[in-house]
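Structure in structure tokens, see below.
Order of writing sets the labels: A, B, C and D. Residues in every chain begin at 1.
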Amino acid sequence: GPTPTPVPPTKPPVAATATPVPPTKAPEPTKPAALKVGLVTDVGKVNDGTFNEFAYKGMMRAVDEFKLKSAFIETLAPTDYEKNISQFAEEKYDVIITVGFMIGDATAAMAKKYPTIKFAIVDFAYAPPIPNVMGLVFTEDQSGYLAGALAGLMTKSNVIGIVCGKEIPPVVKFRKGYENGAKSVNPNVKVLGVYIDSFTAPDKGKEAALSQIAEKADVIFGAGGPTGSGGIKAAAEKGVWVIGVDQDEYFTTFRDKKPGYDKLVSSAMKRVDVAVYTAIANAVKGTFKGGTAVFDATNDGVGLAPFHDAEKNIPKAVQDKLAEIAKGMKEGKITTGVKL
Amino acid sequence: MALALEMKGITKRFPGVLANDHISFQLEKGEIHCLLGENGAGKTTLMNILYGLYRPDEGQIFLDSREAHIRSPHDAIAQGIGMVHQHFMLIPVMTVAENVILGMEITHRGVLDRSEAARRIREFSHQYGLDVDPTAYVKDLPVGLQQRGEIVKALYRGADVLILDEPTAVLTPQESEELFRIMRSLAGQGKSIIFITHKLKEVFAVADRITVLRDGRVAGVTTPKEATEARLAAMMVGREVILSVEKKPAQMGDVVLKVEDLQVRDDRGYMAVDGISLEVHAGGILGIAGVQGNGQTELVEALTGLRPVAGGKVVILGDDVTADRPREIIEQGVAHIPEDRHKHGLVLSFPLADNLVLSTYYRPPFAYGVAINNDAIDENGRRLIAEFDVRTPSVYSLAGTLSGGNQQKLIVAREFSRPIKLLIAAQPTRGLDVGSTEFIHQRLVQRRDAGCAVLLVSVELDEIMSLSDRIAVIYRGKIIGSMPADKATPEMLGLLMAGIKETEGSAGDRSDR
Amino acid sequence: MRLTRPKVLGITFLVLGILLSLYSAARIDPAQRTTLGVGTLGTRDVPAQASLVLIGLITSLSGILALFDRLRRALAPTLVTVALLDMLALMIWAARGSSVDLVGMLAASLRMATPIALGSLAGIWCERSGVINIGIEGMMLAAAAFGFAVNLYLSQWLGPRAIWIGLLAAVLTGGLMAFFHAVLSIRFKTDQIISGTAINILAVGASGFLRRAYLVKAYFVGEILPIVNVPLLADIPILGAIFFQNRPIVYMMLILVVLTNFILFFTAWGLRTRAVGEHPLAADTVGIDVFKTRYVNVVIGGLMAGLAGGWFSLETVGSFEDLMTGGKGFIALAAMIFGNWTPYGAFMGALLFGFAEALEIKLQILDAPIPHQFLTMVPYFATMVVLAGLIGRTVPPAADGRPYEKQ
Amino acid sequence: MTAEAGKHRGIPWRKWVAAWSQRVSDLAIPFLAVFTALAIGAVVIWASGASVPKAYQGLFEGALGSPRGIAETLVIATPYTLAGLAVALGFRCGLFNIGAEGQFYLGALFAVWVGYSVKGLPIFVHLPLAILVGALGGALWGAIPGFLKARLGTHEVINTIMMNYIAVLMVDWLVNRKGPMWDSTSTVPRTPYILPTATLPQLVPPYRLHAGLLIAIAAVFVVYWLLWKTTLGFEIRAVGANPSAAKYAGMSVTRNFVLAMTFSGVLAGLAGAGEVLGLNRTLPAAFVSGYGFDSIAIALLAKSHPLFVPFAAILWAILRNGAGLMQIRAGISVDLISIVQALVIAFVAADEIIRWLYRIGKKEEIKEVVFTRGWGR
């Protein structure tokens, strides 16, 4: 698996877009022909603001860095997964990235059919492992747990909220981690949660957040792509604390100090881009191995983004407590208690 | 006399039909000019061209001796042409007033002034003796009153040339008389009127001049003085026509239809048929006379299963069919010529052949089991079209492309094409030309002579009197009187239709309802 | 006894009421209270069990009255009121031992009803003139995208003011799409449902393409339209918070509902429009230009759909996502039919959807022990029930969907 | 061609020749429409900075350039055909069935349920049973709005839209984690896999093309036969064209509404069943298909004629299947496909534009049957 350099969780040196996390050196100059890398999205598009987009970004970073050839197919229906993967296989692509746990079965089938092609799949692990597939999985619950702890420490009303997208395993893990994390630091806290049946309904996310605020929530975690972002943006403008997801939303949703930017206390990161980049980099360097690469707190695949402009309003005690939890989590002393 | 209007060399083609073939037509100022012709002769087409609804393929129109370019009804109205259409141009869900002012609205600071409109229309319609309630919704009005609304609408627009396309088809004799009075008074005020009708008596009653069309061409121009009914009929049809119905005395058989104390509600929930009892015998024709809108529609719909019955009983050949569905009633051997041919009679987007088997498609020879036999359907179509002289390019033409008269023949052909024991005919010759009327009348009598019971509902007194063996008059949902046909006189019937029973003397109130 | 619609409703309400009362009496802790938030009036505490039993009894009573024909004309209003009470019961139940903010929820209902109401107005304008418009969804989506794009580019120079031009652009985009629909269905006499379908698909493609090509690169999150408090009115308790502390498009929607009703039923243009939609030939025979009337109305409808699109990207969110209209255009159609092609009726339908959506979110937040999928189903299910139970057959304009042909 | 057109037998030969040359140019119109739409699409591709030849070469090679491509095109055309037929059948009865999507879901749900839960049956019993129950699911979801329309007069458009959402949510609940149909041995929210005995066999291994195609082809002819060769079809079409006249002639409007919606649901349900029994072999949560909505376009493109539906379906399948390779080759968004689809629909429907562009004479023909009746009345 990959071996990212450890960094303190509260202050990762991670600038959202250009993150030199993985331990790869520059590409070997003597490489004969550039690898061809293909990406098959989950139902959705490569710029839809969900893990599809982050996977695509990770791929593009590798492509730029190693001068690879790349292409993508945006999947329209679950019945098309296999077809889209085999499309790349037939075009003799060397590495195929597939995105999402839904595409797991199709990826396994295709990997067996094309054993010489290297596959990497986001959010899926195989047991037993398949030799030419690298499963890239994340401990979203850890990320959510940290966010929950932060929220639990920050809340004055003892009510916090989470606006989720669809009820799918990664989201469920974020939510449960969030709840457990909050309770761990603040047993009296009440967590309000909403699932919204779409990742691209920021208007509904917004109403959900406002509704939570009306029920006294004063920290809102948006865990559902653009839907969640819609929620935290509205919440931040209303003046409550908010937490972003996946990437550091200070650079996306609140880019250029959009209203409420100083209310973003952090983001619960899940570096799909890093994972995809790592997988491709391994393939380029010839270190690609089948199996499961877990991106968790120990290797900074997940964790909290910096506090940015909210830092001055976050009490030192809170920062310390959070650092302590993060450290415990890294050392494996603190578990989230989330089981799916 | 000065010409109000002249049409020269008008030609109009429809796909497969030459509707107007170099027609020339002159209308003098202040005259009532009758336009005659068989169904499909091209009368309506010619008038639609004059009114700007159709563009002619060739020809010119002159108004007051100047060439007029009429591209739309808007132009026509602007040039003083008004038209009352054969098929009403009223919007059912709007009030009479809204219909009348439509396009020439009365507004007050941008807001429709409905009360002012109603006031003006009341005043206006009073002036011409065309009473109609401006606030009534058109869909709630009997056809006769709708017709009045149409005329008011045309006059309201200040028409100098008024086209009336078969306005009397839905009127009672009294209403028609009323209309003629209005027409004469309008003509007296200098308005010129084109009047289309199929009733030759009316022609002689009002016309100053007559133009007869046949097959899209002018067959001749004449005056009532020079012409006779027989001559006009021959001109229209191109052969001699027997104008009176010849019929043998009835050979009455058993009771086929027995109605007991029937009650039926109309669409608005009012009791439109309020306790009617009647009997129709095999081999006899019972005529139901009455002004439009006195429950005839509901009565017929209830008898044929199209409308639920609110009370009472309907028995056909000993079977209680009160709650039966249309199919069950049809299978008892009941045929029905419906009053509204577009709504009930035809599927306009189906070919003629299919329309001719609309109620028999599921039985041999048209279908065996679930499988339809299209060849048999086509063959049946060809046979009936020939037999009933339906003018059409082929059995595959869509029913919607036929002229009104031909559509009616199509329905009659269908209903007569199967073995029937009871025929319910509602306004069977409405809008039909003399030739077709003659034809349908003969067929009705033929059926009766073959032992079929016939219930004839008509607003045409002539039709009722010449065909029926017994006549009942319907008034406000009740049978107000009945008598053997040979005892009936037009005066008696007219009074009954107005709701006046002989016993009550002449004091009863006259009403249009 | 004939099973008429009121009777069926009566039985339903009766049974529901009894069940509610029995359940509450048996299963709810008498000590539990629910705190209801009523805006500036603060909060009200009610005993959960007693309230629920009472509402259950009221429900049964209304059912009995309906059963014995006692309600007649008051049937619909009564049952709607009672149904609202039952909604309240649902919330009292879900929030027992805790609190729920009622006024905020009603305000949210109005907000969420806004694009639906505007969409249904768009439908009404088109369809009252005889042109079916199932392309509302597409018009909204395209408008959301283009309005946002204009805002994005102009804000480089104009700053926050650009959003108003963006809104104008959204409105005009709706109008443009509608014009396309009009040309296809009026000039080329295309089947109007085909044309509407084409517009829906085109909007998905065009907005997605635009987003890919220009909008996402910028990572731009725009301003949104500001909240405008209506002077004086905004301070009215409860009503102020619901109606008069909103963003501009909500007000525009309210005004347009009234205005549309006024124009349709009280002006010459409206009369002509309805005439053209009912019986174009008759309208033609009195000199009304059927084509022109239809063009104008369809485009006006499109402008409203455009405004609805603006609600998404410019008033609510400040960004554009693929398919962000999320089927609201179709819901708007349902609201339009629901309201029998009248502005007020459609507005009621839109409110029903808005309310149900707010309710769904609220019940999830209150942690009601019902799978969230079922909560999300509520508005759809409610629509079917209300339609079947109370409204029944709706009648479109007679000439809706039929191209007009001149010989 | 159509039953109506096929009936123009008795015409003289000159007219016949004229009619045929007319027919040839009429047939050219859909092709020209597609061509024109692609041409405009090319401008869009060019404007976005991608390579037009690469994109289109990818599109066609992906869809038709290899046996696998062709097989995949047919794989997609299969549900398109069935769902397109469903919508077309509704239109013929004057009903606008926007609910094919929901009926599709129910078909998939019911079929997959039989497919995994009924054990120990031989394939020739299990497979037909699964298909049948799938059809039943669709039928149920179609019959409800049909029944509501017939009995209470509530509009099928609203009800079918609502039932789409309900179907999607219901499936999501059933198969999502902890749901009653969730395969708890899997981390993925989906049902268990169907048994081999319920699997639609592949037609030409190794390609995914499955026997659902045969069902679709059969359905085309069955629907054609139903509409024009049976008494029921006669009724459905009569009710669709004029319910009042149909009632007058003794047909039951209500019965036909319910039947047409039920059959419509059966067809859409078969489409859903085919997808799970032939391709997916399990029903995952978030089983977005989009077939239901595309099928409206397909039915319209085919003018609601069952024999044209497969052609429209294949066209749509080509565009959708080719999109994959198009993206690989040119890296443009799938949205382009939507743009081309919309233009194809517009041009085929507004054929006057195409006639004018390519100077094809206007047909002198009687007014066509109205295929969609909008909201119906």
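Going forward, contacts are C-beta pairs under 8 Å (C-beta built on N, C-alpha and C of every residue); 3 or more make two chains touch, one makes a residue touch a chain.
Remember, predicted model here, so these are calculated numbers, not experimental data.
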item	value
Touching both chain A and chain B (chains)	C, D
Between B-D and C-D, the pair with more C-beta contacts	C-D
Geometric centre distance via CA averages, chain D-chain C, whole Å	30
Separation of mean Cα positions, chain C and chain B [Å, integer]	46
Centroid spacing, where centroids are CA-atom means, of chain A and chain D in whole angstrom	37
Numbers and ranges of chain A residues touching at least 2 other chains	45, 167, 197
Chain C: positions in contact with at least two other chains	208, 212, 373, 376, 398
Where chain D touches two or more other chains, by residue	169, 172, 176, 333-334, 367, 370
Those chain pairs that satisfy the touch definition	A-C, A-D, B-C, B-D, C-D
Residues of chain D defined as touching chain A within the complex	62, 66, 68, 72, 75, 169, 172, 176-177, 187-189, 208, 275, 279-280, 282, 284-291, 320-321, 323-325, 327-329, 331, 333-334
Interfacial residue positions of chain C with respect to chain D in the complex	5, 132, 184, 188, 190-195, 197-202, 204-209, 212-213, 327, 330-331, 333-334, 337-338, 371, 373-374, 376-377, 380-381, 383-384, 387-388, 391-396, 398, 400-402, 405
Chain A to chain C touching residues, read off their complex	45, 47-49, 161, 167, 192-195, 197-198, 200-204, 206-208, 210-212, 214-216, 226, 229-230, 233, 251-255, 258-259
Chain B-touching residues of chain C, taken from the complex the two chains share	266-268, 270-272, 274-275, 278-279, 281-289, 398, 406-407
Parts of chain D lying in touch with chain B, wherever the complex brings them together	3-4, 7-8, 10-11, 228-235, 237-238, 241-242, 244-252, 364-367, 369-370
